[in-house]
Every structure is written in structure tokens, then in C-alpha cells.
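Read from first to last, the chains carry the letters A, B, C and D; within each, the first residue is number 1.
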Amino acid sequence: MEAEPMIIAPHNIEQLREEFPLLHQKVNGSPLIYLDNAATTQKPLYVIESITNYYTGYNANIHRGVHHLANLATDAFEKARNKVKRFISASTDSEIIFTSGTTDAINLVAQTFGKSTLQKGDEILLSVMEHHSNIVPWQMVAESTGAKIRVIPITSSGEWDLSALDTLIGERTRIVAVNHVSNALGTINPVKILIDKAHIAGAKVLIDGAQAIAHIPVHVGYLDCDFYCFSGHKMYGPTGTGVLYGKKELLEMMPPYRGGGEMIETVSFENTTFNRLPHKFEAGTPNIEGVIALGAAIEFIEQLGWEWMNEQEELLLQAATEMLHSIEGVKIYGTSKHKVPVVSFLAEGIHPYDLGTLLDKQGIAVRTGHHCTQPLWDWYKISGTLRASFSVYNNLEEIGIFKQALLKAISLLK
Amino acid sequence: MEAEPMIIAPHNIEQLREEFPLLHQKVNGSPLIYLDNAATTQKPLYVIESITNYYTGYNANIHRGVHHLANLATDAFEKARNKVKRFISASTDSEIIFTSGTTDAINLVAQTFGKSTLQKGDEILLSVMEHHSNIVPWQMVAESTGAKIRVIPITSSGEWDLSALDTLIGERTRIVAVNHVSNALGTINPVKILIDKAHIAGAKVLIDGAQAIAHIPVHVGYLDCDFYCFSGHKMYGPTGTGVLYGKKELLEMMPPYRGGGEMIETVSFENTTFNRLPHKFEAGTPNIEGVIALGAAIEFIEQLGWEWMNEQEELLLQAATEMLHSIEGVKIYGTSKHKVPVVSFLAEGIHPYDLGTLLDKQGIAVRTGHHCTQPLWDWYKISGTLRASFSVYNNLEEIGIFKQALLKAISLLK
Amino acid sequence: MKMGIEEKQQEVIDEFGVFSDWMQKYEYIIELGKELPLIDEKYKTDDHLIRGCQSRVWLNAAMDESGVILFTADSDAIITKGLIALVIRVLSGEKPTDIVGADLHFVKDIGLQEHLSPTRSNGLASMIKQMKIYALAMGRLPA
Amino acid sequence: MKMGIEEKQQEVIDEFGVFSDWMQKYEYIIELGKELPLIDEKYKTDDHLIRGCQSRVWLNAAMDESGVILFTADSDAIITKGLIALVIRVLSGEKPTDIVGADLHFVKDIGLQEHLSPTRSNGLASMIKQMKIYALAMGRLPA
């Protein structure tokens, strides 16, 4: 098996689609066209089978078990941690904390690092285009510590207004928390510049990588970010999984988050001592199945390879963008040169909900609404958009059908 | 399908075992005998297939989606909530909060209800036999609020010493947090008596039901507990899932726990408002797959029925107890009349690790060590035990083989 | 003679009976959405907004001298508005007790049950719930 | 002549070669566990305890005049103790640099690799790691 790797991710769209059983169905009488990948991706057989294999072969609770199944499960779980480490180029496995998702990971940092270091008047810097999951945790910790939130503005093309940085980052800036890629606009943000500036000012930086992790190579060592968070379900992996990467020296000094089994060294009613990293932050039985399947998802992505994926996704993005431009009255939100294959748009005079409903009637799944970025839409003075988001298994034919469906829906609604 | 229900849980052990593919394997050359069910149960095909069906049929991110798959997934997710509600007889779906496990659920209550109500000098009442997951979260909130922890002692048979209650529950008692069933001893605790006493004193009660939920019918309405917590993976369901039941009026007044998508109503940098129950406590994308599979596990248990399950489990408990009593030098810890099928024991002069290792060599999976209840073993003045824990798919033949294996291991180690 | 809730539902079902595909149905709903008499602007406030919907829905209820409830509503999404128009047509002008007890089977019968899923965030289910709450409250007022 | 690490490993492998099943192997390991010269009681402290094991393992290292490291150890579990005895036999009395560089393939060769899994909590892997850390530290001391 090691010698001749199984082909789990063929470099051919039609063959690749065969690996995703869900895609082959009709919705409301038409073949499904799934363009809601930024909400969650579909799962390849390789990932689904890793779950079945676990439950039919070696399901057991992990760590501290002396029996065979417990050892198999523990080894698989820790191997998955090692795969994550390699995938994002962290320096040690101890820097990889498994969480239930990006939201959980950000809350962990806000409630431990944030709560223990922020003081009244300190500043947390976010951007206008953050997801609610990277806003509300900071609002909560700001409220309890007296810290203030400042916000990086954007330009009309949906990019950070970097000219504002010098007045926004100052000596009171303690934490900068921004997304790597915007889920609402698709913009790939220049996080490296921000990280370096923040570090010069003495602030720590958390990157919300929920939307980056399936689309661009992430190298936490190069980025030099202090924390990096993402979810398994947006990268061909299962729901209920997530990762918090943190620099070891920060994780070491942070107080624990959840208390319970696994994260302790010894417990007595008088005195409890905590376990080493990464276990210190992993209280209770983890999502063993999910973590193992997340490891499988990483293997899947690695086999596809960034080069091939990026090529496909660039084609899709260009085609979708041109297609939308060709329809009168359609406006795209988010027109940065650096984007993942996400297009957010509105058709003049038409409510996104109406358009989304009529697309669904034609088998096309897009997302409508605020996409959990209300402050961004407040800035644009709209209440939301339609968002079509693509994955490697989408193809140009689907974009053609999407166009016809859009035209039909718009003509019905006009 | 509604008319003639599929048989997913036959009332015949051999047929039932066919539903659990993992059981049919050899370990170290001998047929696997899995007696580590208190750590995690194995999963029936019905549960495993519910996961496969989800990922191959209707995987999508839930709530707020206008498209077909999102509606299917949302419906299935919310149906699972309704199944949980029915299963534990809560009064409304809003009282069912999905978490990543028991540990997560207890931390949620400690950090919201606990943190917002405890004051310096207030008391939290636990028992000696609590799992670390029901100790450490309270130690953490005690430390940050100045509350004190008091502890219900036990008798040598492993039961609460109820005579101590009147001096332990007083006007400073705010929270009582105890397990329904001890994972280390198997004792079914008389929680109803404690709940009523606590309520008279004005305290709120959290029941850690991690070990009860797969073995005894739980009726939160009858118990009148304020919170009830359990994990999916200990009840034939998947890892990464758990439930917090809370009385609606308490959940309403509690501050939110994690911030993020889903748990908000509106977000702006100036003012964020929170969503209604149960969503207020479910930030971010939940473990959709896991929750749906937890619903399947509940159907599985309901089809087995408590009567049949309890009969089987009682047989297993009696046989295992007699078997251990018949071996010289073996001592059982936890000898209450009211027990689930769990036996914790030591063989004189033999370290549990040694015995566990030699049992594993013979295909028998038991757990050894402190089982995350160090304070309990401190009380017994030992450092841990071997624990054999049974499920409905275990049979008497396995107990016979277990005996022979034990005798062989003991003779090797003497 | 005035039609009751049941007759009005039947009328809607008959009207939809002539459509052979989703497009015709939606064209009609969209038409209805365009026709819906707008709610008085003064009711388009947060008080009258129905929570948890993707499209915004405002609803107002008033009781006339004869003891029946008159509903007016609006939405910023036209499909939602069309669906609302159907519900209003069926429930508006009825007595509180009839509204509270009504079983709105027509939504399912015309093949739009997907819009009634309580987890669907289009507001139709929430609006019907709100209408029944109004009816319940108004039924208790002295006529 | 004194045997080196490699020869000692080969000796252990040969000894285990005669056993045909796990029972004989474990009988032997248990025998070794019973024989292991105990560690001096004064070293059975938390300082000498190896973390993260199900069984407790105490380890002490001392350098003698000739520049080799002598290990003594104990465990409350007899199988662990027997395994430790094998490792000590192979590594004790060797020079720091040899210990640091040693590849302990014998554990795998005699079919006990399961005890080496870093996630297994029996302490063997942790103990070997700790022995190498001692050797590294002591190798830097003036001889």
C-alpha cells in the first residue's frame, strides 16, 4: 500500500466526480449542481470510508488504553494530528489542537489567551469582512475585560484598506484577528503584511483560515501567525472537527479552556495539575472518528495537489465571473485580483431569496443571505447577496447551466 | 417504512451481534471480547449507515439555507433534536442543546450558569466518585469566583453516604453536580433524593448522565434536575456528540457560551443580539453528521427497549460478579445493589496494567487504571482497578472465556 | 354568502390545479406577490417584523367591528409576498377561534409544503404561527 | 571482551528466538521483572518518575569513573519492569554517545513493538526517551 498509492483523487474532473457520490442526484427534477462549497464541501468516498473503517474495524476510546483496539485508535488519532502538522507546516504535533470547528477554536483563544492578557483599554483589531465567528467571541471577551474593538476598513473591491493600518495598529493593539480568505467575497487577504506589522507593534495574530484551508497552501511557519484556525467540513472532511494551531510557547502559557478527562495530569479535590500539550486543551473524549476522517481529507487534498487544484479553481472562478458579467443588471461583490472561486452577487431589483429559491427549483444550490458577515453588508449598504462557491469537482458545464437557470429565474422575477 | 419498521435491533443476542461488524474480529489470535463499553460502545450498522447516508445523500450546512439539500439536512438535524427530547422526556426541543460531549456540556454550564451566579463563599457540591470531567470544570469556576467545593463521601460499597447530606447541603449550596451512574464502580446513584433535597435548599442540580444514558431510562421531567448531560459515543452513537438538557427558564437567563455564527440574531460592531434557544448555545457549524447519527442511535435503543436491555444486562452483571467472586484473591470495587453492568476489580498483589496486558494478549479488552476518577481511588487508597463493562451485545459465553483468561493471566503473574 | 377558511383553501387548490409545472406555479405566486396590497408604512417597524426569516416579513392584525381579524402584510422578497398573499386570503376576515383552529392543508396540497418546514427560514411558517398568536390574543379581548 | 549495544541486542533476540508463543515470551519477561535489581529507595521520588505512564516507572542514571552510564530502574507493574530490564541490559554500561545514537531494534525483533508505540502508556517509550536525554546531558559533563 505504501509502495503504490491508491488513486483516491484522480486528475480528471469526470473521474473525480465519481469519488463524490452525493453529486449524482436530481433535485426538483434537474441534476444537482452544488455551488455551496464555502458553506460545506461534499466528501469523497475515501473520507466516508475512513469513517466506516473506523467504526467497523477499530473503534475504541483513546489514550491510556492497554488493549489492542485502544492502541489502534490512539495511533490513528495521533497520526491524523501529525498529518495536520505536516499539512500546515507547524513545527511540532503539540501545536495542533483538535476542536469541534473554527468557531470553537476562535472561542478557545479568546477565552484563554484573550481573557488572560487583555486589559481595559487594550485593543483587538478585526476587519469589516470578518465572519460572525471571528467577531462575537472578541466582543464577548472585550466586554468582560474592557478591551476595545477596532476595525480595518475595506475598499469597494472588497480588499483591506491597508493605508488605514498605521493608524489602527498601535501600542494598545494586543490581538489582531482576521480571516485569510473572506467567505462572503472570496478575497484572499494579504495576511503576511498584517502579521508582520502587528508583530512589530507587539500584538499577537490569529488567522481565521476556515475559507483558505481548502483553496490555498497554508504554511504557518512562513506566515509566522500566532494562531491559525480552520474546520474539517470545509476541506472535504467531516462536520464536528476543527483545528487550532498555536505557537508552542503561547499555548504553554495559556490557561486551560475546558476542564475534564484527558487534559489533566492528576486530579484531587485539593490540587489538580494539567497535562502537557496538546492534551491540555483537549478535554474529554474527542471526535475520534472525525479527526481520523480529517486526516483522510488531508491525504485526499495532498493527492490532488495544490497546482492542479488551483488551476481548476482559477478556471471556474474566471468562467463564473465572466458569466455573471454577461448578464445585465448583475453586480458582483468582491472583485479583488486575489480570490478563491467564490462569487457573491445581486441581480438588480431582485431579492436574493427569490433568486435562490428559483435556482433551487432548477437543481442549483447556492447560498443566499448575509453569510454570517452582517457588518460587511452594512458597509455595502445591502442586506446580503447570493453566493456561488466552487470546488474542484465543479465543471464548466455546470456554469453554463447555471447561467441559463439564472436567466430564466430573473425573467420570471422581473 | 413507517408502517412496518425495519428490524434494526433484534431481540436475540447472536442476531444482534451481527449488527455490530466490529465484534467479529480476532485480536492477537483470539476472538475479540470487547468489555470496554463504559469507555465507548461499539456502533450498530444502523448508526454507521446513517452517517454514510448523510454524506452520500444530503450533506449540507444547516439553517438559513434556501436550497433542497440544506433543507433536508436541517430537517434531519432538528428531527434528531426532537428524538433526544422524546428520549429523555424533556418538555420542548429548545431544552436540548447539542455539544461535543458530556465534558463540553458540563463546561458550558460551569462557565455560564456557574460563572454568572456563583459568589465568593458559595458552595458547589460534588461526590467522591465523580469523573474528572465533573470535577475540573467546577474547580476552574470555583477558582475564578471564590466558590468552595464540598464533597459527598461514600460508603465502602461505593454508594453515597446520604447521612452526610444534611450537613453538606446548606444555604450556601448553589450547585450540586453529581453523576447518575458511576463509571468506575457502576453504582446507580439515588439522584432523585438528592435533587429534591438540593431544591429545598435552593440549589440547582446538574446530573452527569454519561454512564446512565445507555443503561437506564432517563426522564428529566420526573427527576426534575436542572441540567442533564451525556455523550453520544457511550450510547451506540458517534464520537464528537453530546447533549445538554437544561430547564428552559434557566437556559433563557444564562449568558451565551461560545460566540459565532448561528447563535446570533444580528451582529454589528456596536451591538450584537443573540438567537433564541436552543441556537443561542450552538455557535458555528455543529456536528451535523454526528447529531443525525445520534438520532439513529436513539432509535436503535428504543427498538431494543429498556425491558429487554435491562434483563440482558442484569444477567451479564450477575454472571460477571459471580465469576469474579469465584476467583481467589479477586476483589470487586463497587458492590451496590443498584448497578449497571460494570465490574471494577483487583487481583491481590497484581498490578492492573499487568493483568490488562495479559488479557489483551488473549483478545479481551478491558480498561485499566484510574478511569478518570482519581479522587475515588485516593479514597479507597488504591491507584486504580481493572474494569470490565458490558453492553447488550455481550454474552455469557464471553464471561466464561474471560474467566479462563483471567485465571491464566493470574497464574502467569503470581 | 361569505366563504369559510375551508372553502377558501379549496378555491386556492383549484386555482393551482391547472398548473402543470413549478414554473407556472411560481409565476402565479410572483404575480400574487406583486398584487398584495402593501401594509401601511407605519407598520413596517421592528415590532411587526417576524424573526428568523431570510426575507423580511411584516405583519399587522386588526379586529373590525364584526369581530373578525383583518391581516395586512408585506415582505421584501416577492415569492414570500406571494405566499403570504395566499395565507392572508385564507385567514383574513375570519373569526379568532376559526383562525386558531385552522389546518392550512392547502400549502401542502398545492405542492409548496417545503415552504412550511419550521426550519426553513422563509418566514411562512413563522408568519402563520404569529397570525395564530394574534388570533389567540384578540379572541380574548371583549368583542 | 565487553559486548556493545548491538551485540547485546542480538543476544536478547537470540534468547527470545526459542519462544514459540506470546505466553512463553511473557513468562520470561515476567521472570526478568522479578529479577531486576531494585532502584535505590531514595530514587523512588517524583523527580525520578516518568510521566504519563499507567504503571509507575522510576529511573536513575549515574556515570561511573570510566565514563559509562549505569541505569537503575523500577516499576510497580511487573511486565513493565521486565521490559525495562531488557532495555537496561542493552543500554546500561555504555558510553553516552553510544546510548544517544542507539537504535533499539530488538524490541521490534522480539515481537514487542506494540510496547514502543509513543501513544501506548506503558512507559517503555518514555523511559527510552528519558535515558537518551540523560545520556545527552551527561555526555556534555566533563568526564
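In the analysis below, a residue touches a chain if its C-beta (ideal position, glycine included) is under 8 Å from a C-beta of that chain, and two chains touch if they have at least 3 such contacts.
Bear in mind the structure is a predicted one, so any value in this text is a computation, not a measurement.
Asks: Count the C-beta pairs in contact for A-C and for A-D, then report the pair with the higher count.
Replies: A-C
Asks: So what's the Cα centroid distance for chain B and chain D, whole Å?
Replies: Here the centre of chain D sits 39 Å away from the centre of chain B.
Asks: Counting in whole Å, what is the centre-to-centre distance of chain B and chain C, each centre being its mean C-alpha position?
Replies: 45
Asks: Give the residues of chain C that touch two or more other chains, as numbers and ranges in rising order.
Replies: In chain C, residues 54, 122 touch at least two other chains, as defined above.
Asks: Going by the touch rule set out above, which residues of chain B reach two or more other chains?
Replies: In chain B, 28, 64-66, 353, 357, 368-369 touch at least two other chains.
Asks: Edges wherever two chains touch, nodes for the chains themselves; is that graph a line, a ring, a star, complete, or other here?
Replies: Looks like something else, not a line, ring, star or complete graph.
Asks: Just spell out which pairs of chains touch, all of them.
Replies: A-B, A-C, A-D, B-C, B-D
Asks: Of all residues in chain D, which touch chain B in the complex?
Replies: For chain D paired with chain B, touching residues are 22-23, 26-27, 30, 54-55, 76-80, 122.
Asks: What residues on chain B touch chain C, complex-wise?
Replies: Within the complex, chain B contacts chain C at residues 62-66, 71, 74-75, 77-78, 265, 276.
Asks: What does chain C use to touch chain B in their complex?
Replies: Residues in contact with chain B: 51-52, 54, 114, 117-122.
Asks: Which stretch or stretches of chain B touch chain D in the complex?
Replies: Per the touch definition, chain B meets chain D at residues 28, 351-354, 357-358, 361, 368-369, 408, 412-413.
Asks: For chain A, which residues count as touching chain B in their complex?
Replies: Those residues of chain A that touch chain B are 21-22, 25, 27-28, 32, 34, 36, 39-40, 42-43, 47-48, 51-52, 55-61, 64-70, 100-104, 106-107, 110, 126, 131-133, 135-140, 149, 151, 231, 233, 238-241, 256, 258-261, 263-264, 266-269, 272, 283-290, 353, 356-357, 359-360, 364-369, 372, 374-375, 378.
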